[in-house]
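The next part holds the structures, each set out as structure tokens.
There are two complexes below, and they share chain A, which is joined by chain B in the first and by chain C in the second.
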Partner chain A sequence: MNYALIVYGAPYSQQAAHSALRFAEALPHRGHRAATVFFYHDGIYNATRLMTPPQDEPNLRQRWSLLAKAHNTSLLVCVASALKRGIVDNKEARRHGLDGDSLAPEFELTGLGQLLDAALTHDCVVTFGA
Partner chain B sequence: MTSKRILIVLRHAPHGSSWSREGLEAALVGAALGQEVSLLFMGDGVFTLCSEQQVGALGQKGTAPMIDVLPMYDIERLCVDEQALIARGLETKDLMVAIEYVDPAELIAEHDIVLTF
Partner chain C sequence: MVLHILNRSPFASRVHEDMLRAMVNEDRVLLIEDGVSAALKAGITLLPTIDERLYALKEDLEARGLSQRCDPCVNIVDVDGFVALTEQADKVVSWF
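Right after this comes the complex of A and B.
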């Protein structure tokens, strides 16, 4: 089955992102796939390319990136939630005259409509951190 | 895209966090995409429906205006867990809109997609 995961929790603050990631990594072992992960609310902080955890803690940035590459998982980030919290891609940084961007390369800023679209088109939706 | 029944569950109070606002935004987007959207207010989420709310002192926009526009988006079903109202000393006359009392489990079973906020 194709799963859509919705992540509301910031990394290292709540279990939500860590559980979502482990769930996504486990799905292929049972013949399923996390086709889309949608980051909303504080979950958008998972998309920062500047995340620098200590070496003895899980590196979420690296693992989201590996997941996206290995299983062609779309990592979608709500643009409205992201911009006001300081997660911007190169295009938005230029548009708003900012001196740098912060979105990790495997992630994509997108509208909230994509959350509904994922819920409507995937076989199963699992929410983490409400 | 075939039309599906979407239930948005709101479990947080309207002020103090962005949960209820972000949940209502998801509801409006779902309705704008032509889906049938219902709302279920549970727990502290029932405070979202209280009448005469002011805008938050923190510069937040508040959610009352979003409740007002729900009919324009054809979001007609506003469902409430009666126990949640009673537990908070609220009655239907304290609410800004007409609501429907439901059994949350039955309501959830009636919908194709449930998103919780």
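Right after this comes the complex of A and C.
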């Protein structure tokens, strides 16, 4: 089955990102795939390319990135949640005259329509709330 | 069958009361994160009438040192069991 996961929790603040990653990494054990992960509210902080955790702690951005590469998972970030919190891609940075971008390359800024689309087209949706 | 996921301790939040009101007979509950404290003997009294339809995530119980303190009626599942529960559900609803 194709799964869509929704992540509300900021990395290292709530457990939501850890729970979602553990679930996503377990899906292939039973023949499934995390096809889409949608980051919403404070969950968008998972998408910062500037995340630099200590080496003896889990690197959540790296694990999302590995997940995306291994299973062709779409990592979608709510654009409205992201921009107001300072997570911008190159295009938005230029549009708003900012001196740099902060979105990690595996992630994509999208609208809520993409979330609705995921809910309608995937076999199962699991929300990891914060 | 709807799988309800609760990640809040029933001692710290009252969202489990909303969950109980939304549940029908065959629905199941999976306790994750701080929600696993509902699997304790004192917590189980706050989730009446669920009995054998109550599950708790092993990894989150272990992380909190609660594995040996669960009420015997709780089904303990690991993350693969979590995936299996979502397979069997028509819908998954999270309460937080």
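Note that in this section the second predicted complex is superposed on the first by the 129 of 130 C-alpha atoms of A that agree within 3 Å, B and C clash if a C-alpha of one lies under 4 Å from a C-alpha of the other, contacts with A are read in each partner's own complex, and residues count from 1 in each chain.
Just so it is clear, contacts are C-beta pairs under 8 Å (C-beta built on N, C-alpha and C of every residue); 3 or more make two chains touch, one makes a residue touch a chain.
Given the structure is predicted, the values throughout are model-derived calculations rather than measurements.
Trainee: So in the superposed three-chain picture, is A:Leu66 touching just chain B, just chain C, both, or none of them (first/second/both/neither)?
Mentor: It touches nothing on chain B or chain C.
Trainee: Which partner does A:Ala93 reach: the first (chain B), the second (chain C), both, or neither?
Mentor: neither
Trainee: Identify the partner contact of A:Ser81: answer first if only chain B is touched, second if only chain C is, both if each is, neither if none is.
Mentor: After superposing on A, A:Ser81 lies in contact with chain B but is clear of chain C.
Trainee: Is A:His41 touching anything from chain B or chain C once the two structures are fitted on A? First, second, both or neither.
Mentor: Touch status of A:His41: first partner only.
Trainee: Based on the superposed arrangement, let me know which partner A:Met51 touches: chain B (first), chain C (second), both, or neither?
Mentor: A:Met51 contacts neither chain B nor chain C.
Trainee: Just chain B (first), just chain C (second), both, or neither: which does A:Cys124 touch?
Mentor: In the superposed model, A:Cys124 contacts chain C only, not chain B.
Trainee: A:Met1 contacts which: chain B (first), chain C (second), both, neither?
Mentor: second
Trainee: Mind sorting out which residues of chain A both chain B and chain C touch, each in its own complex?
Mentor: 125, 127, 130
Trainee: Would you tell me which residues of chain A are touching chain B in their complex?
Mentor: 6, 40-41, 80-81, 111-113, 115-117, 119-121, 125, 127, 130
Trainee: Taking the touch rule as given, give the residues of chain C at its contact with chain A in the complex, in rising order.
Mentor: Residues in contact with chain A: 5, 7, 32-34, 59-60, 79-80, 82-84, 86-87, 89, 92-96.
Trainee: Which chain B residues qualify as touching chain A in the complex?
Mentor: 1-2, 4, 6, 11, 18-19, 22, 25-26, 29-30, 32-33, 35, 113-117
Trainee: Which of the residues in chain A end up touching chain C in this complex?
Mentor: 1, 3, 8, 15-16, 19, 22-23, 26-27, 29-30, 32, 124-130
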